[in-house]
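In what follows, chain A forms one complex with chain B and a second complex with chain C.
Moving on, here comes the complex of A and B:
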């Protein structure tokens, strides 16, 4: 697996199919692990999805005193192991992206695992599969690079040129979440 | 019965002890492909798996589709017939329920004539069932009073298309071409919420530089990214379309050759649109002059454009005019019948297309034949095995049927696949009408608000317990597979109708063992009609990813694009629309100073009878709300989440406020998926379009009140 979860926020239409679908994944216990939020509903309907970055050096795993958060050989950061998690919630505070969720009934953390039971067989995760707007995609590294280049190219085609102070507007907005072992 | 189909190289997850059945979503017109997961041991539906290789939707689903399977084994399912005794529902056997229906139906018809019974159908079911509803009403019951919920959904689009193009196929092109389109002009469609998986095609086109123009009083997810958002007042679409055409003519964007060769009425249209200068148009629509001009230039310059519209433009007293005018915009640009261009309506219900073609409408027979045409009556009578004289005459439209119930012309009603006390306008009136009935039968699989009023409720199956076909948003006939056997004692609607027909002494006309036999009869019944399904077979559907109608012969592959050479009118030419702006039926006053418009949210479908019972969807949107601009909220001194009262002359409701700048300052919006005191349809206007008899759900003035502490 050398695929990337590629997020393009502005494509998102706020349908939350990604969350409904997350509940359907095999090991997910009918609980979604991803997020969709309004940027600011008073201003606009723009929403964006958020999911685990699958950090290379995951803060959640680092701060776990029980070593409950395992990282697979492909680099996927899994949910806490049931038998190890002591329910301290360090991970929920440690993650800089606010990703891990906490099940107060079971006293256990759970989080996005990139649908590991699918992705380990190269089948796309549920959220990326269903997302109608392709705000979430599960693609090859090369395709990601191509998409990034194309974003910039589109701006140039429209005759816009970066100027002092707005160069960042030309940088593709994206998040690549990927694993890199091959 | 079950089959799992994927193209080569496509990987799906199949879990141990499970099998997949390939089918489509039960909800909107996108009819997204999906596989349903079935536990092989228990034979129960356990989940969903994306259908990556379905040509139109590619595995994508909205949250309704993802959770659709949860309705099958739902604890609220009605599993046995229910008979109301002393105001309470009591479970009964089929025999007892059918006995009662037979006695009551026969008694009513004996005392008050054949037409004292009526049937109210729906189009969230297969072609086979929709077709049979018409035959059931006309042959088994012999009544003229038959109509269906598509009257509230697709009738204005149908009226407009028939008038301008001579045929009502919701889309003149296959939607897989949309990625090659240069410009979309979308009016009155919140497609990101109502047809979410269509977004992939619009965004794909946009990636390639396509322009998007959206006409909507709200800044929807599509309007947000549009090149121009025409923030029009509800009820002013015909002015906008005329205004755009005025500019197309003025700036020489008209495809003169096409118009001359293929269209009538250009001279008249030119005359009519002359007064619709940007200034005049702006005054009516409330859109700034600059936006109108910008939109016209973008649309006019685009080599390939598609004009699209939905209920926002159609659910008005000028619905047919609006559709005809928007269609004419495409005609002026010479777009219809060409690659990646044309005109389309967004079909709201799963089978909104197929369900309206085969004779559920008060004046139509299968194959889009007219009940007023003696030849059509003769042909269909032949297929049905009745004498032409026995064919009932045309009845009245859905909403008008309730008037007839109120005055006791209609005394018995069978509602199939619909929930009119939530989905009709002015539902307080509809409630009163249903209470006047002597006998109400409802077929459904959940106890809807309408079913609660019934004397007998018959347990129908969900879409997953029966085989059949539907016709999607594009006009593509597709295959719905049976996933599991009917739950409890529930039966598919076609079987229920056949059983009642049997009791009414018409059993010989309803000898079906499986849906395929009904489909074969439908093929024959539609043969030679405008919506010709004769060449569509289940096998062909599976082989070639669906079949687009018309497909007149067995070796015909179907017609992905229509009107390539000529239109379906008598002279083969399209009739450009010459219509003035008329304005909505009701006007604002000091008492009712704000415009109310209604619509859907992504989490619910139609009257919500299914989606309000699904955990995820209910959590996301448990109750209606009223969306308003902060400026309006400030004038009324209400804050986000505060409950306010909305009133029209027909009713009132109390709803929490949701404040956003993504709506006009003079318009409020309430979604319509709830019943009783949560129903915005207590307030909506029943004024009808003179041609389509479509009610004006989308426009009425309303009073807003802050509640006293």
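Moving on, here comes the complex of A and C:
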């Protein structure tokens, strides 16, 4: 898997197609695992999509008392293993990004796994394949680098210059799983 | 305790040693000084000894994990707090009945899976209890007179029963009942694992399928023993018996290191109602930002301690931790940070400015000067430019 999940929050139009698509995915039990939320409803109608970062050293797995959260060899952080999960919800509180969800009825945690069955074969995950405004994209590493560069250039044209202290503000959201050899 | 630990290779080996000592002490008591050992079960006995050591080792490493240790320590502390006695009793009873006896949450995941799991688990528990009990002589059946059996548990005579009574028949067939239950459950599980695509995606052979094959081998050979002595006049009985013994020992060796290890760690689930949630789905700790209840103080304290122990630096500039905010606020904080939209300095909980300065709303608006970040002397030079026309020669 050499592709990247690339998010651009500003592009989100709040249609929630990604959530509908997520519900359709097999094994998701008609429950979405991603989020579309308002930045500040009293200020504007700007929404943003939110997915799991697939951390290399996930805080959710570290706070799990049952050691139930596993990482695949490609680096995808999976939902808690059903036989191990004791339903304490530590993962939802440990995650710095507020991603894992919890099903009280079935007593299990579920979270975005980047549609592992699709992405391991380089097929875009459900959310990325339906997003009409390309706020969520599943692209090659090179394409991602190009987009980031273009984005920085755009900021320069607009009159903003990245400085040492704030250069990361000019880099859009990108995450995903890629090998270091890329 | 610390001194005692020094006389062993490690803490884990100390625990294993005591587990074995306790096991054989119980055996010594219940077999009246090793008088009533069933020598036919010697292989099982040694296998179970190794199984006990494996279980202790895995259990120790599991409990040394920072997260497990924190949750378990709090639960043990709460268990012996007087004010919590009522709550503890309620939580333990509830977890025992709902999660272990009836396994309600698995039935909510699907009727098929519920039946499959309850068959495997109860079949295994019955068989394990019976096998361990007989192997270590914890209970045995003595012949009082030609028509009466007596059950002796830990060398204390208990009930007597007619040799061909219904109670005796149940005891004779206990392992068969367990085996049939496991056979049904394992077949259902294997069928699901072979057919269901969603399950196949993340299943691993050595973790998800191997235990099923091992259980199948154990029950298959076990039932073959019954078939052999009931219907085939004991044809091949010693051979099948040996094969069965091998499969059981393999299972005992596998147990602590594979999927089946989820059984002994399950009681930790009591920690949830006991330490974290008095009533299900009711939260008492409020979010620092939106003031909505989202968790409980003890749990957040535990999560923060676990993260700190593992050097996760999730503390914000104002001294709060990310776990002090509800998940929705955490998501929002990340988006704000990413889009450079964070609240103006001074009031971190005030309204946010969704205009990031790159895209100006409307044509009539102008950017403030500090947006361009042009230095004062340069600005002065630019201003001076207007006073005279540049002369071209």
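Keep in mind that, in the parts below, the second predicted complex is superposed on the first by the 154 of 182 C-alpha atoms of A that agree within 3 Å, B and C clash if a C-alpha of one lies under 4 Å from a C-alpha of the other, contacts with A are read in each partner's own complex, and residues count from 1 in each chain.
Operating definition for what follows: contacts are C-beta pairs under 8 Å (C-beta built on N, C-alpha and C of every residue); 3 or more make two chains touch, one makes a residue touch a chain.
Please read these numbers as outputs of a predicted model, since none were measured by experiment.
Aligned on chain A, chain B and chain C: do they clash or fit?
Chain B and chain C fit side by side in the superposed model.
Given the superposition on chain A, which partner contacts more residues in chain A: chain B or chain C?
After superposition, C is the partner touching more of chain A.
Determine, under the contact definition given at the top, whether A:20 touches first (chain B), second (chain C), both, or neither.
Touch status of A:20: first partner only.
Per the contact definition in the header, classify A:129: touching chain B only (first), chain C only (second), both, or neither.
The answer is first: A:129 touches chain B but not chain C.
Applying the touch criterion given at the start, work out whether A:35 contacts chain B, chain C, both or neither, answering first, second, both or neither.
A:35: touches chain C, not chain B.
What is the minimum C-alpha distance, in Å, between chain B and chain C after the two complexes are superposed on chain A?
Minimum over all C-alpha pairs of chain B and chain C: 5 Å.
After overlaying the two complexes on chain A, where does the chain B footprint on chain A coincide with the chain C footprint?
10, 26, 42-44, 46, 117, 158
So in the complex, the part of chain A that touches chain C is made up of which residues?
Listed in rising order, the residues are 9-10, 26-27, 35, 37, 39-40, 42-44, 46, 48, 50, 59, 62-67, 72, 78, 82-84, 86-90, 92-99, 104-108, 116-117, 155, 158-161, 169, 172-173.
Give the list of chain C residues in touch with chain A in this complex.
Within the complex, chain C touches chain A at residues 62, 65-68, 70-72, 99, 105, 108-109, 197-199, 201-202, 259, 262, 265-266, 268-269, 271-272, 276, 280-281, 295, 299-300, 302-303, 306-307, 310, 312, 314, 322-323, 325-332, 334-336, 338-341, 351-354, 357-358, 367, 371-373.
Can you check the complex and tell me which residues of chain B touch chain A?
11-13, 15, 47-48, 50, 52, 59-63, 65-67, 192-193, 196-200, 203, 207, 209, 219-221, 224-225, 602-603, 616-617, 620, 630, 640, 658-662
List the residues on chain A that touch chain B in their complex, please.
My answer: residues 10-11, 13-17, 19-21, 23-24, 26, 41-46, 117-118, 121-124, 126, 129-134, 150, 154, 157-158.
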